Structure formats: structure tokens, C-alpha cells
Amino acid sequence: MTEPQVRLDLQRRQRLGMVEAIFGEHKTSEQIAACLSRLEAAGELALVTRVDQAKAAAVADLLSNVQFHAQARCLTLGDPAILLPALGEVVVLSGGTSDLPIAAEAALALRWHGIQSELLLDVGVAGLQRLLDQLARLQRAKVLIACAGMEGSLPTVLTGLVPQPVIGVPVSVGYGVSAGGRTALEGMLASCAPGLVVVNIDNGYGAAMAALRILKAAITGEAAVNQ
Amino acid sequence: MTEPQVRLDLQRRQRLGMVEAIFGEHKTSEQIAACLSRLEAAGELALVTRVDQAKAAAVADLLSNVQFHAQARCLTLGDPAILLPALGEVVVLSGGTSDLPIAAEAALALRWHGIQSELLLDVGVAGLQRLLDQLARLQRAKVLIACAGMEGSLPTVLTGLVPQPVIGVPVSVGYGVSAGGRTALEGMLASCAPGLVVVNIDNGYGAAMAALRILKAAITGEAAVNQ
Amino acid sequence: MTEPQVRLDLQRRQRLGMVEAIFGEHKTSEQIAACLSRLEAAGELALVTRVDQAKAAAVADLLSNVQFHAQARCLTLGDPAILLPALGEVVVLSGGTSDLPIAAEAALALRWHGIQSELLLDVGVAGLQRLLDQLARLQRAKVLIACAGMEGSLPTVLTGLVPQPVIGVPVSVGYGVSAGGRTALEGMLASCAPGLVVVNIDNGYGAAMAALRILKAAITGEAAVNQ
Amino acid sequence: MTEPQVRLDLQRRQRLGMVEAIFGEHKTSEQIAACLSRLEAAGELALVTRVDQAKAAAVADLLSNVQFHAQARCLTLGDPAILLPALGEVVVLSGGTSDLPIAAEAALALRWHGIQSELLLDVGVAGLQRLLDQLARLQRAKVLIACAGMEGSLPTVLTGLVPQPVIGVPVSVGYGVSAGGRTALEGMLASCAPGLVVVNIDNGYGAAMAALRILKAAITGEAAVNQ
Amino acid sequence: MTEPQVRLDLQRRQRLGMVEAIFGEHKTSEQIAACLSRLEAAGELALVTRVDQAKAAAVADLLSNVQFHAQARCLTLGDPAILLPALGEVVVLSGGTSDLPIAAEAALALRWHGIQSELLLDVGVAGLQRLLDQLARLQRAKVLIACAGMEGSLPTVLTGLVPQPVIGVPVSVGYGVSAGGRTALEGMLASCAPGLVVVNIDNGYGAAMAALRILKAAITGEAAVNQ
Amino acid sequence: MTEPQVRLDLQRRQRLGMVEAIFGEHKTSEQIAACLSRLEAAGELALVTRVDQAKAAAVADLLSNVQFHAQARCLTLGDPAILLPALGEVVVLSGGTSDLPIAAEAALALRWHGIQSELLLDVGVAGLQRLLDQLARLQRAKVLIACAGMEGSLPTVLTGLVPQPVIGVPVSVGYGVSAGGRTALEGMLASCAPGLVVVNIDNGYGAAMAALRILKAAITGEAAVNQ
Amino acid sequence: MTEPQVRLDLQRRQRLGMVEAIFGEHKTSEQIAACLSRLEAAGELALVTRVDQAKAAAVADLLSNVQFHAQARCLTLGDPAILLPALGEVVVLSGGTSDLPIAAEAALALRWHGIQSELLLDVGVAGLQRLLDQLARLQRAKVLIACAGMEGSLPTVLTGLVPQPVIGVPVSVGYGVSAGGRTALEGMLASCAPGLVVVNIDNGYGAAMAALRILKAAITGEAAVNQ
Amino acid sequence: MTEPQVRLDLQRRQRLGMVEAIFGEHKTSEQIAACLSRLEAAGELALVTRVDQAKAAAVADLLSNVQFHAQARCLTLGDPAILLPALGEVVVLSGGTSDLPIAAEAALALRWHGIQSELLLDVGVAGLQRLLDQLARLQRAKVLIACAGMEGSLPTVLTGLVPQPVIGVPVSVGYGVSAGGRTALEGMLASCAPGLVVVNIDNGYGAAMAALRILKAAITGEAAVNQ
């Protein structure tokens, strides 16, 4: 068995305009540190998602230029991109406080690509007024990311209220039939509100990258890639 | 193999205060007519659910005292019970026009037990104002039955708005992940709204019987049974 | 990323007649304590469900006016509401001893809203006589909450025997096909007994709130809300 | 592609003491007739399950010595075995009239192996007294086969009441979560009653063969096979 | 039972900038014609999805101003909106010819909102060169909609190649594990390509509305709604 | 909330001829000890299934007359019943060594009811000769219990080879699609071998009680109960 | 909406050594005929799978050079490839007669690539001797394709008996838990026999292409492609 | 209960040409050591899969001639077989670094049978160029094993590019809908690429044994077994 070697996708920033992201959950701290070292040597930024406190500390022992974001459960390599306010604003909403890690992962991933966002927590539909009170604020955003667990109704109600792109992020918060987030996911996919799009359960990072693609699409095609 | 014989539950009206209901979907018109004949001979009313036009006609050929309710897809035997307005009102809501057969089944089953109800169609959450406009009306009802297919958010939003008992009825209207009604069902079960209760998919009859139990519970215990 | 802020639903008691309930499973002790502090400052009662011994102790270190209920795995803030015996009695049944935490959660949630209830344990259908022996007692209750794991037959048999509202609570007790409680849930939804309603697996709190809605519906409409 | 040839298991009667059974649902009338012709030539009996009226007629056009049993939806070849009353009685119970085809398939398969059985229909648990009234009768049987759709509680309640072998047959009667019979199946497998065994959904034939194995086990080992 | 009345969402065009869409699959031709008549009277356009040839003809018998689009299986009321080329182009890709009805539904829904799109069929990944040959063309589009059945890899490969927004539409084309489209759906949700968003199985209409939201987001906020 | 009280089924031995069995997995050591104390006071034997070493030790600290069976993961109260060799032999087979705990649970439960059994391990079908070598031995048994994980083929092959009752016990040994035992379970239910019956995953106890019912059925009806 | 155009993968024969195959189930006869015409014009052979008698006739009305294979439910364009006996033999086994269409599809697809195969029907494991009798024959084959429905044990038993490559094809023959073929599929994947590989349910064509790849791998690498 | 005894399949090397493999996950270190001792006494090699560091150490304490392979999470007994380069090369590909344990298990199992393989990591389709760059290398291999988690597209794209046998190994790397590997598995089974075969999730060992069967099939039939 020949010794295997990691093959990084170093053209990614050029091709997609995105920094490298590493899915940290199934990797050891040694594997993560090895990837980051090579990215650092190539002058790249990086984001590692789904890392707990202990694994983060183990990586930090091996590599100096990393930072842990406890709320978002992410590691970053390097400094965030310069803010690009001209691309427009993103608002990240969540049905309840338990959705915070996912919402924070989305906000962090956006920030690492130069996008500032705002978090609106606890606007779940069981107390509808809390959402309706925010309508004017929501209408100023260019893209909305709506995180929700349990039955996941928030993105449906939201998409019926505003004309902007809404990205639903089902969250694995719940128990019984909603344990694991599948009920929220399927509720969002089945939504009667026109034009709601969805990402995988707990995929705050993916929602952020979708929002980034949308924000850049506003600027003309190829130009946007190297922004 | 000795010839089998149907065993009707003739104490049911006395025990539960409910007329006999026959699940018609998997029975032949001959089986349905045989059941109804024996109930008629015993002086009982009856309701047959999930019967299509053709099967209903075949039963009607065999038995004179039956009536077909096309919208609710039900057959009834005998005349409906005398109205009992003192028990209070039920409102049956539906997210969309496609839910009508289920909502109508609930209303018919209630009527056969002496309960008048009102149908509010097309109050789905994708156009939230349609529901909010009805709040004053809803607050006068004693029990609410909310039918919804697709992602099934209506009962969740409703239960967050009003203090009465709400019975969610998932409806098998949808496609892709919502085909068959399971997404609506699980969304209602996972609901973040406190105190929503749920029945099986398309079970308008069951929701009506639950409403009946609740209406009668308002009157003291044993007395209610023979009402 | 602007710092997020918790948004409590402080109109809930007025709108629904229910104290605030916090789903504790996915929240940290710090998050729970922060929510409770704000509720306490607003003069509200609160119930936190699905909290284990260790998390409860950590919250109690941060906040003095809380109490842990080990059997029900709940924290409460403040004193329970004054008893309202005029609303009628609730009986909470369980198929086996393993269902106790869920039954206790229901009873505690009822008590925090002023409703006294009685627990009848171990009346599962494998030894049917234990249930039949209690029929007279059951007929005096206004609402029945029936908790069952495994195949979950208890609510079905019970609903066939008595005319009152029965709320089935599937319990995640079992193994093999019944692990997680889904078999009990689907058995209750599929029940051949007319008018059984169901809540999510292990949702003792939800069953209690449904019972509360029913008890209050007995009193006339709007009046009940502020009871 | 060489022409394929059917390979019958002609040692089966000697090895297992059972006549050949053909699963008719996915076979054409030509395939069924070809199998039966070869069995007839070999002097064997045979049972073809899950055959509708039209396919049965098409087979009967090709082969004279067959008989269609409409209620059980089966074709038979040859005359039933001589009755063996010494092996003991089987009672086949069903929760509702809709379960009749499955119960009848079981009874027919037993009869074709020389076992007389009795059918008790409509003893579902929603009207429990109908079952309790039959207890004395049930206690005289050697084996009980209990067919039930919907939530499938009948075998569980029955197994808690009597000491004999009980074979549960889930039936694909129901809708919503119980459509297809899986809820009944899983409810029987999850049963809290000790010693209930289960066969596939709608497998009346399999239940009959299990009963036959049990009846023959009462007689000593090898002897039973050639009975 | 009071006679129910349809409640149309007539503020929808103003609120969301979208014409009314009716899900035609579970509605009768009478129900569809009634909805369309009321929309026509209100001066609205409308789109009815998932209508077969026969139902379309029945509606056309009742109403003159409708047009059937056989490939897309849709009915439209009124004339399409004036083309808005300034909003940018959409390309709709499909893995195979069998995905055509879904791709055509997306294209038609876009056209009814003034958006011209182009269809690229048969660019599935089993013959990768067919997709790679189109890269230059794809890079000129503002939004990409990628329809795929079977294992649904096309949107994943595409999202790894281009920086624009990609909306994946799983299609219910396949057999065995891919029958019904769930494998394609889950493959898209699980995609390792960053920023792919997904809609329900066969939801060409929803993908089009998501694309419309994105195209309008390029123009500043509120202005876009009434475009 | 009135203090709940355990309700034991003390007529069970008389009604079913079985000692009380307690499902230990979801109960605390205190709950188990309380049940056993009351059974001991009533002069009953008992079996507690699914108990690990630590919980067993905690129970043994509270109660003297109990014994832990590590291989079967069971606790017993009292001495096993006197052997009843006249009832006949049971052989318990397993596909692999990993199935041992389940096979041992079945053997222990049989022994506690006076039935001696023999274990045949590692007769899985991947090395078919190991099973075929045992055929003569198997034909002397009255009942066969076949435990298997992974794809669960053993009971199918066995049932095709011998005429006796075969009880399949799916075992939660496997990974990927077979993790949790559901593939083994469904394979046994779908078996093409006539008359195989099945119990829940890992339900060695249930298989033993089914075997006991069968062994007793060989002796005449009522007599068997009090054997 | 620009008119779409079919994009055939005309390099496929050169790249993979396989003729074009069209999945016919979701295509209209017009679509199929259009594809075949273009392939014919390019001098290619083709295979259309999953076509019923009526659709085949409609295609034949539009195109002369096609042939329908009723047993395999396939259409072919052109003449089969010249036989290549040097590549070795394939044996296609099936558990029962109902699996014939899938086995025949595999054999036809092989034949269209120059590979002769033999069909062995009815060697299911319920009558194990039928399979064991063929062992010598099986050991002469280079590759084995084993088709089975129900619990799908045949490939497992076979893979434990012979050293050659075995390709399992689950077949959608069964009912209850085995309806649709998923139980057979998962049983094959979970198999305890080392080295069994599996294709999608009913995918006889895929199994043939896998066998073709294996047969060609015996000849050295690149050379094989253009054989 | 007679003491059970392990029954090893000692004819396996002769019958299948494979060394004994033990599935270590559900076995204790004592059970593993006992199996290995008996195999060692019989002069056999062995491979134990799915063993963690701690269990490996416990086995090594009991037995001297074993070696732990941390990356592959396997124990081996004895020395690997002599290399057989004439059988040809295998390349093991993986979509990402997280798939390494499974790829390494495959490579180790091959090596223990005398087959050298090469690992190509991180050739996932989100950065397609990494795979296309390796095409020349891949075309020299005789068999390809492709491991992938998440949506599992790698084997599909690969099978469309090369004519050799490709064995897909779904890996349980992912979250949300892809947690546990089922999405990758079903994506591979549903693949539109002709001739891809699949093994169970995480079954690196099984893929290796399938590759071994294919490599040996290149040499004539019976001869290969004892190679």
C-alpha cells in the first residue's frame, strides 16, 4: 500500500471565488492541521466546520495561525476577507435559541468572504408577532437565511411575506419525529410558499455559500468570481 | 372452513355516544350493504367513509335508506341526529381547496352526531393575512379542526394564535417529499406550538370524533355519553 | 456579525393562557439561565423540559428561584399556579413503569397551570384486567392522557372503552422496531378507536397543554384564556 | 441465451410435509399453468396464492383440474388432503371484515393440508367485549392465527389473554400511516405480550404453514413429516 | 355545514411580484376553472401546474382564455408578462430526456414572469464531456437550474465548476432505489459542492420562482417587487 | 400529583403459565429492585432482561436473592423451574459468535420455565456445510430458534430444510444497511421458506416464550397452562 | 424557451466499449424513436430497456430496424455483436420464475455485446438441493449473475460456495416488507459472504455491463475497450 | 444450557481462496483472541476488521502473533501472502481524506491476499480536475475501488470515464441526510453510469474480496481458487 497524499483543490478560489472549507467532523486534529499547513503555505484562507472545543485546541497546538469560534464551532485560518458592503446585506433568522450554532456558522462563513450579516434569533412562528414586527427590517436585506428546527415552519411563513431569495436551513433540534432535523427539512422542501430553496440539515456553511453566489450574481457574471 | 359472520359493535352508541362508522375503502359494496342492513335492523344510524361514486351507487342499488355525500366521499344510513347547539361550535379550516374532501368528511361526521360546523377554506400560511383576518371568528369556536397538506404549517400557526383545542389533520395533498401526507403529519407532531394534537393522515372522521369527545367533556362526565 | 439577542414571547400568557415553556435539551445551562432571568424579571412563571440532573444543577448555581423535578426531568421557575379544581380532573395512565418520566412531565406541566392530576401506572394491555379494574375511576375524569411505549396499544383499548377525550403520548421505550417510539406513535395514529388524538413521542408537556385547552374549552371561550 | 426451464422442488412434500405453493402475483397465467401441469404430472397437490378472478379464469382455460377460491384469492390443484382432526383445531381471528381475504387464505391453506379451522371475524379491540366473549371458545384451540390491519392490536391483546401459540398476521388494511400494513406489522413485533410470533404482511399462507409445523410438532419429530 | 368559499390570495402579485400559481394535481377541472374565473375577473394572470391532457381539455371547455402547454403539463391564464431581458439569463439543464417535463415547467414559469431561459438537455455526468463542452455557455448565465433524476449528480458536478447560483431540481425519474426521486434529492442535499440549493422533487415551478427572486435581488430591494 | 404505585400482573403465571419478565433497559436499579421485592413477597420467580453489569450490581446491592447471567445480560429472581424433559427439546442456533447474547437470553428464559435447550453457534450460511453437518441433530428437536444478524439468511435456509417450527430472531449485529438488525428482520419476514415465524430484533426472550407456548400446545389445552 | 435538442453520447462505444442503452420507462415512443433514429444514422447499435408491448409497437411503427424482446421487455436496434467466446461464460441464476424478466434483460444485454450466457431458473434457497446440484456447472463460469426477490438469499449462499465474481441483482418480486425489492437489496448488501457485489433493484442491464467489464479486464487493459 | 463452542469455517481458504475474516465490532477481545488462537493452531492467516485501538491492545495482550493497523482499524494474524503481481493492479480512490479508514481497510485486505494496490485520495467531484488529471494512471489498473461519502458521486463519474470494473464503496461520512452513508449508497446504486457495482456502507473489506474474485477470474476458473 503506497503512502497516500492529500490533494487540495487550490484552484477553487479562482474558479468559484470561495475559500477552501474543510468538513472537520470525521477528521483527526492531525489531518486538519496537515490540510491547513498546506493551505497556509499556498497563501490561502480556510474555514474548518463542525469542530468541537477539544479538537480545536489540539489543532491550535500544532498550528499557530488559527482561531476557534466557539459559538459557530468552526476554526479559521488567516484573517477574514475585506468587507464588501456593496454586495448587499444578509439577514440570518432563527426560530429559537437552540439554532444558534448553525446560524453562527452561516454568519462566520459569510464574514470570511467579506459579507457582513445580522442575526435575528427567536422569531419562530409559535409567537408570530415576533416575526411580523421585523418585516420592515427584513425587506432591506438582499438575501435571507432562515434556520429552524422542530417542524421548520419559519422559512415557509417568511417566504410568503417577502419577495427576496430565502434559503431555508433545517436544524437538528427536536425530539421524537423531529430528532435529527428531517421533519424540518421535509417541511421546507414541501413548502407551499413559492421559491423557497433549501440546504442540508445544519448546513449553515452551505447556506452562506449560496447567499454569496446570489450576492455576486447581482454583479455581472465572470467579474464576480474574482471579487 | 366454517362460514364467517360479521360481529357488529352494537353497544357502541351506549358506551361511547357515537354512531357506528364503517371504513369503506377495503370493503366490497356487498360487505357494506350487509353491515348497513344489520345496523338498520337494529335501529342504528351509520356512516361509511372513503367510498367512491361507483361503490356508493352499488350500495344504493342494494339498500334504499342510504345517502351519498360526494364532496365528503361518504355514505350515511338514516337521518342525522338532532342539532345540539348547546354543545358549542366547531370551525373546520383548510390550507387549500385540495383539502376539501377531508374537511367535508369531518363536517359530515360532526353533523351526524348533532354538531353544526363551519368550513373556512384556503387560509394557508403562504398568504398569512387570509388567516389573520379570521381571528375574531375563530375565537368564538369551542374547538378548531385544521386540515393541511404540503408542509402542514397551518395548525402550528393557528395553535400559536388561539387558546382553544386545535386538532390537526394532515392531508395527503402534495408531491415529492409531501406525497402521501407524511411530511404534513410529522410537521404537526413536531410543532413548536403548545398543545396541538394530531390524527392520522386524511382522518377527517377521527378529528370529528375527537371534537365530539371534547364538546361533551364540557358537560359533566357520564351524562355526556348518552347525550 | 452583530451580537444576537433572545426574543421572549411575553404575550403568551395573555394570548394562550399558558406559562412560558423552554425546551432544555439543546440549550446550555447559560442559555437556560439567561432565559429564566428575563422571565423572572417580567414576573412570569416558566417550565424547562428535558433537563438532566447535571444541567439542572448548573442552572441552579446561576439562579436561585428554580426547582428541579427529577422524575419529570424538568426545572420550574416560581411557584405553581393556584389549583383550579372547577376545571375538572385529568388522569394520566401509563403502560409500564418505564413511561414514568413522560407521565410525570405531563402531570407537572398540568400542576403548573393549576390542574391536579392522578397517575395510574402499569395498566398495559398485556395484562388487560389491570386496566378494566380501573374503569369506574377513569369515567370520573374529564380528560385522559395515556402514555405507552413498545407497540402502544393502551390508548387504543382505552379509547374504545370510554367516551372522554383521550390524548395518546407515544413513549420512546422499546428496542428493535420499537426503539425511539415510532412504532407506538404510528400505532396510535392508525388506531381503530374513534377520536384518539396524539402528540409527538415523549411529549408529556404537549399532552398537558392539550388537556388544558380542553378543560378551558368547557368554560365559555374568551373567558377561559385569562383564567 | 439458452431457453430456461422451470425447476420444481418435488422433494418438498417428503422433506417438509407441505404441498407446493406458488406465489401467483408476479406470474402470468401461462407460467402458472405450466407449473401446475408439471406438478399434476408428478401427482402433487398445489396451492397458488394471490390470484385475481381474471388470472384464475385464464389458468382454468388452460388446465381442467383447478379450482378458484374467490374469497381467499387462491387457485388449488387437486383435492384437499384428508382431514386429520387428531392434530387439533386452529382458530383464525380477524380484527375487521376487511381482513377476510387474508384470514380465508390461511384457512384454505390449512384445509389443503388436512386441518380444519374456524374463522372469528370482527373481534377488533375497539369493541373489546366482542373478543372477551369468545375466550372460552379460544381456549379450546391448539393454535391461534390473529389477522389485523390498522394499528394491529388484536394479537397483542389476545396473546396476553391465552397461553397457546398465537401467530400474528398484519394486514394491509388502513390508510395514512397504516397504509400497506407496516404499522400493524411493527406493532405486533413490538408487542409487550410474551411469545407472540409474526409473519409478513398479508401472509395468510405463511401463518397456516407455521400453524401446521406447530400442530405436527405435537406428534413426535420425524413421524410428523410424512403425516 | 355552511357552504365553503374559495379565498384567493389577491395581494400576492403586489407582495411577492409573482402571479398566482395553482397546484392542479389534486383539484377537479371544476375547481380549477372556478379559481381561474375569479382570477380573470380580478385581472390576474395564473399558472396551473401538474395538469394532464384530459383535465386541461375539461377546463378549456369551461373557460376560454386558457392555454395548455403539453410538454410542461401546465395551463396558463392570460398572456405572458413582457420580457425583461435586463434581469439576465437563466439556463435550465437536465441530465436526460426524461427530465424534460420538469425542465419545461421551470422554463414556462419563468417565461410567465418575463424571463427568457434556455434548455440544455442530456448533459448527464455519465458522459461528462457533454457538460464540459458547455462551460463557456453556462458562464454567461445569471442563474442555473439543474434537473436530474437517478442519482442526481449533475447539480453537484456543475456547482463545482461554476460560481453562479445553482438550483438543483431532483426529478422522479428512476427505478429501484431511485424511484420517486428521493435518491436524487438526498444526493443534491448531501452534495460536497459548496452553495448548491435544492427544491422539492419535480418542483420546476419552485425552482423558477427561486431564480426569479435571485434575478430581482440584483436590482435594489423594494423596487424589484413591483417590476 | 398523587404518588404513583407499581401494578404487577400477579395472575400472569396462572393465566399464561409464564413467570414475570421485566424489561430492564429503561428502568433504574431502584425501580427493578422494587418490582422484584414485590414479586418475591408474592412468591414469584422473575426474569429481568437487558441489564448490564453495573445495573445488575446495583440491584444486587439492594436485594439478595438475585443472580446475574453475564452472557445473557439478565438478572433472575429465585431458582429455575424443575426441568420438564417430557415437553421436548429446543435447539437455539446462531449465525455467528456475535449473536451469542441473544441466543443465551433465549436459552436462559427457557431454562427458567423448565426447558433445557442446546446452543449451536456459528452455523451461518456463508459456510453452508457447518449447518448441513448438523441436520440429523436438528431433526431431533421439537422447536428451533434461529438467531442471525447481517442479512439474516440462516432461518430461511433452515426452514427450507426441516419440518419443525422455526422461530427467527433477527440480531442487531451488522453495520451500514444492517446496523440495528432491520435488514435481518425484514429478510426473515420476506422469507421464501414456508412457515418461518419471527419476533422483534434481539428478542431472545420472546422467542423462548413462543417456543414454550408451542411445547405446551403439544399437551392438551388447559392442562398446559398450569404445567 | 428555445427548442431543446437531444445530445447523444456518441463516444461511448469508444470510451467504454458499450453500445448506447436507453432507459425507456419514462420516455414516450416518440422520444425513443427519435433517439434511435439518430443512433442508427451514426451507425450505432442500441438497447432500450423497460419497454412494454404497447410502447414497443408504437416505436416499431415509427422505425423499421428495431426488434422487441418480450421476455426481457427490451427493444434493440441493429444486429447483436459477433459472439466472443474467448471472453468466457456467464451464468445468470434466478431464485424463482418471477425473476425471469430481469434475468432475461441481463442475458440480452450480454448478447448484444457478444457474450453468450446461460439461464438457471428456480434455484432459490428454500429448496437448497436445486442449487447444490448445479455446483459443478457453476464452477465453469467466469462470472455469475444471481437474481432474487423476496428475502434475496440466493446470492449470499452462492457467494459462500464459489470463488468467482458474483453480481447480485435484487428483484422487485414480493409483497409486504419485500414489495419493491428493497429487502432483497439490503439483504445482499448486508451479506455475510465475502465479495458479493450488488446493483440496483431490477437492474439486469447494469449487472450485464458489470459482467462485461469483468470479462474484458481479463484481457489486458486498454486493448479490452475496443474489443 | 450446554456450553457453546465456536465453529470455524476452515475449508474457506480451499473453497474460496480467501483467508478467514472476523467482523470485530460486536465481539469482545476474549472472543476475538479465542477465534484467532484456533486459526493459528490450524495454520491459517486471519484478518479482524473494525477494531479500535483499545480492543486491539487487549487482544495483543492475549496473543503474540497479531499486528494492529491503526489507519485501517484492523488486526492481522500471521504474515501477508506473497505478492502476486501477475494478477494485476488495483487502484483505491477516495473522495476525501475522511474516507481513508475504509480505503485503507480495502488496501490491507488486498495485501493480505497478495495484491498490491495504490491509494488516490481527495479526487472528489467538487474539484473535478483532480480526477481528470489521473485518467492515464487509472487506465492502467485492472480493477478500481472508489470510496465516497456525502452524495457519493465519485464512482458514477469514474464509471462513465473508464471501461474497467469499478466497485463503489459508500462511506459513512456526512451529516444531515448523508449521515450514516445511506445517501452515498443509494446514489451509487441509482447511478446512471453503466456497470457500477456496490458493496455495503464502509465495507472496504468486501470491496477487496470482490476485486480479488475479479482478478482471479482472469486466470482460468478452478485454478484461481488455490492460487
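A, B, C, D, E, F, G and H label the chains in the order they appear, each numbered from 1.
In this section, a residue touches a chain if its C-beta (ideal position, glycine included) is under 8 Å from a C-beta of that chain, and two chains touch if they have at least 3 such contacts.
Keep in mind that what you see is a predicted model, and the values were worked out from it rather than measured.
J.: Which other chains touch chain B while also touching chain H?
T.: A, E
J.: Quickly list, by label, the chains bordering both chain F and chain H.
T.: Intersection of chain F and chain H contact lists gives G.
J.: Farthest chain from chain E, going by the mean of C-alpha atoms per chain?
T.: F
J.: Give the pair among B-C, A-B or A-C whose set of contact pairs overlaps with that of F-H by over half, matching residues by number.
T.: Answer for F-H: the repeating interface is A-C.
J.: So, what's the distance in Å between the C-alpha centres of chain G and chain B?
T.: Comparing mean C-alpha positions, chain G is 50 Å from chain B.
J.: Find the geometric centre of each of chain A and chain D from their Cα atoms only, then give the gap between the two centres in Å, rounded to an integer.
T.: 56
J.: For chain H, jot down the residues that touch at least 2 other chains.
T.: Within chain H, residues 96, 126-127, 160-161, 176-178, 185, 189-191, 194, 200-201 contact more than one other chain.
J.: Going by the touch definition at the top, which pairs of chains touch each other?
T.: Touching chain pairs, listed by label, come out as A-B, A-C, A-E, A-H, B-C, B-D, B-E, C-D, C-F, D-F, D-G, E-G, E-H, F-G, F-H, G-H.
J.: In the complex, go through chain H and note every residue touching chain F.
T.: Touch residues, chain H against chain F: 1-2, 4-9, 11-12, 23, 25-27, 31, 35, 50, 170, 172, 180-182, 185, 200-203.
J.: Quick one: in the complex, what on chain G touches chain H?
T.: 15-18, 21, 88, 139-143, 160-167, 185, 189-191, 194-201, 205-206, 208-210, 212-214, 216-218, 221-222, 224-225
J.: Tell me, which parts of chain G touch chain D in their complex?
T.: Touching chain D from chain G are residues 96-98, 100, 103-104, 107-108, 111, 116-123, 126-127, 129-130, 149, 173, 175-179.
J.: Can you check the complex and tell me which residues of chain H touch chain E?
T.: The contact residues of chain H facing chain E are 95-96, 124-128, 150-153, 156-157, 159-161, 174, 176-178, 183-184, 186-194.
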